[in-house]
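Structure record follows, encoded as structure tokens.
Chain lettering (A, B, C and D) follows the sequence in which the chains are written, and residue indices restart at 1 in each chain.
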Amino acid sequence: MANAVLGYKQSTFPTKLVIISLIGLLIFAVLPFVLGTFQLSFLSKLMLFGTLAVSLDLVWGFTGILSFAHGVFFTLGGYASAYYLKLNLSAAANTYGVDIPDFMVWNGLEVLPWFIAPLKYFPIALLATVAVPALFAYIIGYFIFRSKVSGVYITIITLAIASALTTFFVSQQAYTGGTNGITDVSSLSFFGSEIPPIGLYFIILAYAAFVLALSWWLTQSNFGLVLRSINENEKRIAFLGYDVAQYKIFIWTLSAAMAGMAGGLFVPLNRFISPVYLAVAFGTQVVIWVAIGGRGTLIGPFIAAILLGQFQNYADRVTQDWQLIVGILLLVVVLFIPNGLMSLLPERFSLANLSKPTRISPRAPSEQKS
Amino acid sequence: MLDFSLTSMLSSLFLLAEEAAPAAEGISWIALLNQALNGIGIVGILLLTGLGLAITFGVMRIINLAHGEFIMLGAYVTFVMQDFFKMDLLMTIPFAFIGTALIGAIVELTIIRRLYGRPLETLLATWGLSIVLQGVVKLIFTAELKYVRAPSYLSGNLSFLTNEAGTSPIAISYYRLFIIAVALALLALTMFLFYGTSWGRQIRAVTQNREMAKCLGVNTKLIDMGTFAYGCGLAGVAGAVISALKTVAPPMGQDYLVDAWMVVVTGGVDKLIGILAGSFLIGESNAIIAFMLNDPLARVIVLAAVIVLIRYRPEGLFTVQKRA
Amino acid sequence: MSKHMIVKASRRKFLQYGSLTLGASVIAACSGGTSSSSGGSDEAADLGENPIKVGVMYSTTGTIAIVEKSLQDATFLAIEQINSGTGPWEANGEGIAGRKIQKVVVNPNSDWDLYNQMSKRLIEEDQVVCVLGCYTSASRKSVLPVFEEKNSLLYYPVYYEGNECSSNVFYTGAAPNQQITDSIPYAYENFGPKGFFIGSDYIYPKESNRIAKAELEQAGGQVVGDEYAALGTTEFITIINKIKAAKPDFVLSNLVGDSIPAFYRQYKDAGITADDIPIMAYPTTEEEIQAMGPEFAAGHYTSFNYFQSVDTPENKAFVEQFKEMFGGDRVTNGVMEAAYLQTFFMAQAMKDALEAGEELNTETIRAATRGQEFSAPQGRVKIDPDNYHTYLYSRIGRWKEDGQADIVFSTDAAVKPIPWSQVLYKGRTCVHPSPDDRSDPIKETGKDLETQYLES
Amino acid sequence: MDAVLSVKDLNVVFSGFKALKGVNLEVYDNEIVTIIGPNGAGKSTLLDAIVGKSPVASGHVFYQGKEITNRSPHQVARMGVGRKFQNPNVYNQLTVFDNILLALKGSHGILASITAKLTKAKKGRIYDVLERTTLLDQAFEQVDSLSHGQKQWVEIGMVLAQDPSIVLLDEPTAGMTAKETRMTGEIIKSIAQTHSVVVIEHDMEFVKQIAERIVVLHQGSVLAEGSVEEVQSNREVIEVYLGREAISTAA
């Protein structure tokens, strides 16, 4: 009774959301047994892209920071993971009979650089996959969010970061493999046995579910309320005693860590990482997934990444000029469905509403207060 | 009113570069002077490619990611005019302007107009537009590189300090000088249009207070369309002029996008003259750092410097500090 | 057919230019007008029974499309000739032992990520028996794990940096010893000892220049500068000024793609002539020269296996047939020729396998491709049965005002490929076992490998 | 008695323009100070400088004896200074309830906000604030759908929820109907029973309703200070206002 009076039944379990999530999870759990091998790996990849889109949704959809640099965080995680897999190639597979990677031999390196060497060990590599992008994001975040810079200028900074880092990685060929990136890596093993594609699929599914659940949990709390307020008017909320920069840096760093881990899982699947994922074009791709899926909906960007990937795959069967179709689609969505695909769902199915606690209209508390 | 953080950073880089340079040879100051002079060539291209964006973003606040594609369209107009009518490159410039301005007007009418006040949607729409424009141009002209001829009277070099052997340690090509001349002329023309004509006053009225301008009888829709088309037309001229020096292909515009943004942001968007400062700083520092180190590192360093600059002066170098 | 094609081509051009003014009708007019713009697989109907599915993977959009589109064209020409029993395939009748090639075309949009994804799709979903494709090293590296994991076959038509010996790739472009080994001594003797090396900033130019540097130093010369520009760079003021300052005897260029026309134009624009400092290039071909305008390249040099001006009957026919299909203003070049000839290697191998009563799969095609010979436009060439690279001619051409090359140097026969540069990795080579059990093929002989030629 | 807030010789400069010139002000416990003055007198700037929104060129701001000059806004807010802006500065996309919840006094760190639970006590506080601002019936409506006057109350409610010891209100009645204005006056009076209040106002009727002490700002300086009567009879004030038409129409 008391809860009803006060409006929010917050203690109530979000039943509808849990049921829908479980159904979704079940579908994704059954899919690999129905799909062919191509779709299995394709879907694994798209789920990682979807996870990346969710991580951007946290900073853009909720907090209002539009970033073209999320590909950068993804790729940094990817490189950490790629060094691990590269350094763990079996000795027989290393064609130069030395314990440094082939691309370093080609570039005249004789000793494994000290900052790459520790990545041979799994725990360090795993930590680096998350920590390197997170640390990089933290430094950038600290630098730009504790200043007057806002809005489109932050976006331009992320554009410059993606562009500069792409150039940098390409030019440091001895350490990064240049344009090729790191190729010819070993596959991921678990206690000596190679993880099969379906195993990788379930690891990725688990990670995607984890990211979605964590993001949902964060955004439905007061923390999420603060993020949305920052989005709407960041100046005002400072006068309520919130350290806006701290919040921004936190979500930015967390989002980068999520993106980094997605990149880390991407390498065993894709078997290479390269600066192509650092570039502005890929960063824009992530932005498009979020825009098309619907900002601030979490699941929307995830689904959009998967659907757009599939769409592109089938459009390529129709015409070689498939990216023209993708461009037109993007224009149509922006002009006619500005709030993204999720806004097409009827209100009561909207996941944004499902994720909110049930609401009951209040009665005048003067009657109820005891 | 130079930004000191940037200049001091550059000077520290010089020290760094001096250390990095091979000790035996040292730095040839004549070669450096030559490089600095040729850096003007880079400045010209930056100025030219950034000018259109200074209008569409600086004045109208439209985040136009299809800016590079308008440059590309201008280059293709020049190609068509040369290929079909055997026109001299100089003659094609008005056509490049009109052609891209027309397309710009159509784009404003069908897309941009619906998105005023929604910068993020504009950004996405113009990205979509850039994909579409590239795709359409590729359909029409195929993906092959196209050949645009520079006028023969613009070949050759302006040289200084020519020695007896006939070689000149300091020289800059006439075509580069021509690019600068075009860029400066367009800048002057644009400044005249904006600050010296009633059209310019109307544009400034609209950008400062749209509602008030409407009340005063300004046709804001026409002004919006005209201004956007003009910005696109400038990009088209840039495409026409650089087509003879670089390559003409559907993705060519992508190369200029990030640079144009950096130029506009560095100079500051409030004053058109800021873009001259932005191009000069970025172009010259790029040229000089590249000469001491190499091209990719120069790019990384200059981009990093621009990031630092935005951090401390988001309003650019040439903007008066305003009340928050 | 020829008349029909030409008429169609000019009508297409008309339509395309016309539609520029029409704007809105652009897409409709053009997608209807071009046969090659449609993707996906051919209609199965006119390919008779049981066609052979072959993947064709070149980008026709994006930054690298300027090169890869013409590779696709050359491949399409070869497939057309095989299916219709014309050109070099005349003696074999229509198709391969009666079965036609069904091409499954994908466009990875110059995106390494999509090369990887689309190669997976071709192999697993479309079930192609092999794939023809890729241009840059980065794209090859991105698909290599796919072909090795799925044990499928890639025919790769591009000169490259070497250092690779996969059981799943047939390399029909030049290995380092077929392009660099002859060009450097030539430059040393004819231009002088000082070389200035430039290139696009990625593995092929860097590795090529490293090999060339070792070759030049072995010959007694020296490298006076080594500069790289990011892929797609079109601004060369700085590099050209550095060249001026270093005063080399020649420039070795490993620039690729749209950087090439921009560099040559700005080089001449800066007042450096071919007489002052000639450029010796590897990736600069007839196509780039046409795009930059031949006057900018006249007097400079390119080292390649093939030039359009090669004087063989096969080449005359190839150039004629290519122009017939794609328009008289088109040129042919070495990479296109490799894309063309590798399609015939593949077809011959399939024919041999089918005629031996075998099924077409990776094992049979691989076994049958080893040692295939073909009278290509550049001359008689052969797939090396040991290392899966190709015996190719080594030639140097000097560009003329008309955009064609004077061939100033040529080997008498095709040179045996060696995937590892012998100046850097002495004695290292590669011998795949027979039958190929996909074990490690690398052999360290420790001795100098003699240059071998294809015996006719 | 020590002042809750004291401003000493405050100067604020915008690009050479002196917005505030040596302003002194003291606010004591549970009093209402009303600041009036023509447009551009520096009223809002004074509040901005106090809460750390505009940089102070020279001078000092003390809050409960501690110097807060040029501290960042969230720090000043956390110490107990609440601020309401000239135009209703509320979250239109959120419900009234959420707006108040955001402002509620308590730890505003990240961890606290993630783990925060909506306890009974908190809900009680929120309803208390809603009751005082007469917004109970609109608790779960999006602020977007409220009238202008109601939005002003939402913001006053937010300031209340912060439970500051001093409340700075910038034109709380702007855009309100006469009835709403009177109600706002009552709300402010009730606030002043437990808080110190600084109000910027144009509407002289309203000023008369609430004012205890009035400070007149003119061209960045304090022109006069005192009770309503004292100020109204001050010659300088009359000159300034009469120069710009009559006092009564100044709103």
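Convention: a contact is a pair of C-beta atoms (placed from the backbone, for glycine too) under 8 Å apart; a residue touches a chain by one contact, two chains touch by 3 or more.
Chain-to-protein mapping (UniProt): A = Urea ABC transporter permease subunit UrtC; B = Urea ABC transporter permease subunit UrtB; D = Urea ABC transporter ATP-binding protein UrtD.
It should be emphasised that the depicted structure is a prediction, and the values quoted were computed from it without experimental measurement.
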item: Chain pair with more C-beta contacts, B-C versus A-B; value: B-C
item: Chain whose Cα centroid lies at the greatest distance from that of subunit D; value: C
item: Intercentroid distance (Cα basis), subunit B paired with subunit A, Å; value: 34
item: Inter-centroid spacing, subunit D versus subunit B (mean Cα positions, whole Å); value: 47
item: Centre distance in Å when subunit A and subunit C are each reduced to the mean of their C-alpha atoms; value: 38
item: Touching two or more other chains - residues of subunit D; value: 53
item: Overlap residues in subunit C, where contacts from two or more other chains coincide; value: 27, 31, 37, 60-61, 201, 228, 230
item: Numbers and ranges of subunit B residues touching at least 2 other chains; value: 135-136, 138-139, 294, 296, 299
item: Subunit B contact footprint on subunit C (complex, rising order); value: 16-17, 19-20, 23, 26-27, 30-31, 34, 37, 60-63, 65-66, 69-70, 110, 201, 227-230, 232-235, 237-239, 241-242, 244-245, 258, 261-262, 265-266, 268-271, 287-288, 290-293
item: Touching residues (chain side subunit B, partner subunit A) in the complex; value: 63, 111, 114-115, 118-121, 123-125, 127-132, 135-136, 138-139, 258, 261-262, 265, 294, 296-297, 299-300, 303-304, 306-307, 310-312, 314
item: Footprint of subunit C on subunit A - complex, ascending; value: 36-39, 41-42, 45, 92, 95, 102-103, 106-108, 167, 170-171, 173, 177-181, 183-185, 270-272, 274, 276-277, 281-282, 313, 316-324
item: For the subunit A and subunit D complex, residues of the former touching the latter; value: 2, 6-8, 10, 218, 221-223, 225-226, 228-229, 232-233, 235-244, 246-247, 250, 359, 361-362, 364-366, 369
item: Subunit C-touching residues of subunit B, taken from the complex the two chains share; value: 28, 31, 34-35, 38-39, 41-42, 45, 80, 84, 103, 106, 134-136, 138-147, 149-150, 155-157, 159, 168-169, 171, 173, 175-176, 244-247, 249-252, 254-255, 287, 290-291, 294-296, 298-299
